[in-house]
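Before I ask anything, let me first share the structure, which is written out below as structure tokens.
Read from first to last, the chains carry the letters A, B, C, D, E and F; within each, the first residue is number 1.
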Amino acid sequence: MPYVNIKVTNEGVTKEQKQALVAGATELLSRVLGKNPATTIVVIDEVETDNWGIAGELVTERRLRGA
Amino acid sequence: MPYVNIKVTNEGVTKEQKQALVAGATELLSRVLGKNPATTIVVIDEVETDNWGIAGELVTERRLRGA
Amino acid sequence: MPYVNIKVTNEGVTKEQKQALVAGATELLSRVLGKNPATTIVVIDEVETDNWGIAGELVTERRLRGA
Amino acid sequence: MPYVNIKVTNEGVTKEQKQALVAGATELLSRVLGKNPATTIVVIDEVETDNWGIAGELVTERRLRGA
Amino acid sequence: MPYVNIKVTNEGVTKEQKQALVAGATELLSRVLGKNPATTIVVIDEVETDNWGIAGELVTERRLRGA
Amino acid sequence: MPYVNIKVTNEGVTKEQKQALVAGATELLSRVLGKNPATTIVVIDEVETDNWGIAGELVTERRLRGA
């Protein structure tokens, strides 16, 4: 029954990586808290780099600088 | 003033269905808690089936199996 | 499998009202989109009036004015 | 370390406006609470007008009426 | 820079379990996507069983039935 | 109509600081995007330091080390 939300920048996450995130988060909740995997939900949000800011600037700008 | 967020998989929700979700959620908050419909906000997130996991796997895979 | 989050101010919502919100939101998703009630999750957040702002001021202040 | 999420309707927000939102929110947390800008995250969600409801109707409908 | 939110019912999660969830989610993002652990944020929400609904009823009721 | 959510650790935020956050975020949306302050909602979440992780550890532990 847990709900996990993972937000990352939209920079080429593959379907295989999404599968690994879902499997890993579900296993984590099962192992640490004994939660039932059958009802564990994981939602992945891929956020455009223009829409994610850190340190007061857009990730897009940081990427242009190589950060 | 309530805020309602509805997350569903992105599998062909029509504009009419969205309108029904907004009207229904707003009516629910008004009826149960007496909240003012004029300031009730409803946001619908349509999540790709590749980005939604349940039971440790992607919804995309479940749909391929007919689940 | 839908996930619904309802945020309201913490002003005496009873357990019966919470039950009505959960039942109503689950029914709404089933009726409008045909979603399976068995895996529909509803989470209710009760937010302190000091932590909810609208129109640039805290709800606490609005309540003191009778708004 | 704060996390700020800004949800607005998807109606032509420019990159410069997104930069201003990120810079402004980061400055706000630093000025009011002394939070370190280097680890302040801001995520902007642009929500389609078909997916945002207020007062029981979709924003799309309100825009058609000029509201 | 990823942001992970884990929502579980408030049923006695210990500080050691919270530490394990934070460490596990951070490791997951690093291993699968190469994300920098130093800026990965994990927020755990413990939701009262009166405020969490599944299958149209409150978790509190399900627990009373032994579910 | 924008919705802003601010998450910070629960470390003594005063009511005056909450008021400043609400006023500041509302002004920011009005100034940058021309949004109507009357319908701008701001919700502040104060998260326990045991429930906030960064760099793979709980904020509680970091505070004990003086970080």
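To be clear about the criterion, a contact is a pair of C-beta atoms (placed from the backbone, for glycine too) under 8 Å apart; a residue touches a chain by one contact, two chains touch by 3 or more.
Quantities reported herein were computed from a predicted structural model and do not represent experimental measurements.
Asker: Among the remaining chains, which ones contact both chain C and chain E?
Answerer: A, F
Asker: Common contacts of chain A and chain E?
Answerer: Chains touching both chain A and chain E: C, D.
Asker: Thinking of E-F, which of B-C, A-E or C-E forms a repeat of its interface, with over half the contact pairs identical?
Answerer: Selected pair, repeating E-F: C-E.
Asker: More C-beta contacts across B-F or across A-B?
Answerer: Between the two chain pairs, A-B has more contacting C-beta pairs.
Asker: What's the distance between the Cα centroids of chain C and chain D, rounded to whole Å?
Answerer: 21
Asker: Measure off the straight-line distance from the CA centroid of chain D to the CA centroid of chain E, and report it in whole Å.
Answerer: Using C-alpha averages as centres, the distance is 26 Å.
Asker: If a residue has to touch 2 or more other chains to count, which residues of chain E qualify?
Answerer: Answer for chain E, listing residues that touch two or more other chains: 1, 3, 7, 21, 25, 39, 41, 43, 52, 54.
Asker: Classify the chain contact graph as line, ring, star, complete or other.
Answerer: Shape of the chain contacts: other, as it matches none of the listed patterns.
Asker: Check the chains against each other and report every pair that touches.
Answerer: A-B, A-C, A-D, A-E, B-C, B-D, B-F, C-E, C-F, D-E, D-F, E-F
Asker: Going by the contact rule at the top, pick out the chain F residues touching chain B in the complex.
Answerer: Against chain B, the touching part of chain F is residues 1, 3, 39, 41, 43.
Asker: Using the touch definition up top, name the residues of chain F that touch chain C in the complex.
Answerer: Contact set of chain F toward chain C: 15, 18-19, 21-23, 25-27, 37-46.
Asker: In the complex of these two chains, what residues of chain E are touching chain C?
Answerer: Residues 7, 47, 50-58, 60-61.
Asker: Okay, in this complex, where on chain D does chain F touch?
Answerer: 1-9, 13, 17, 20-21, 24-25, 28-29, 31-33, 35, 39, 52, 54, 59
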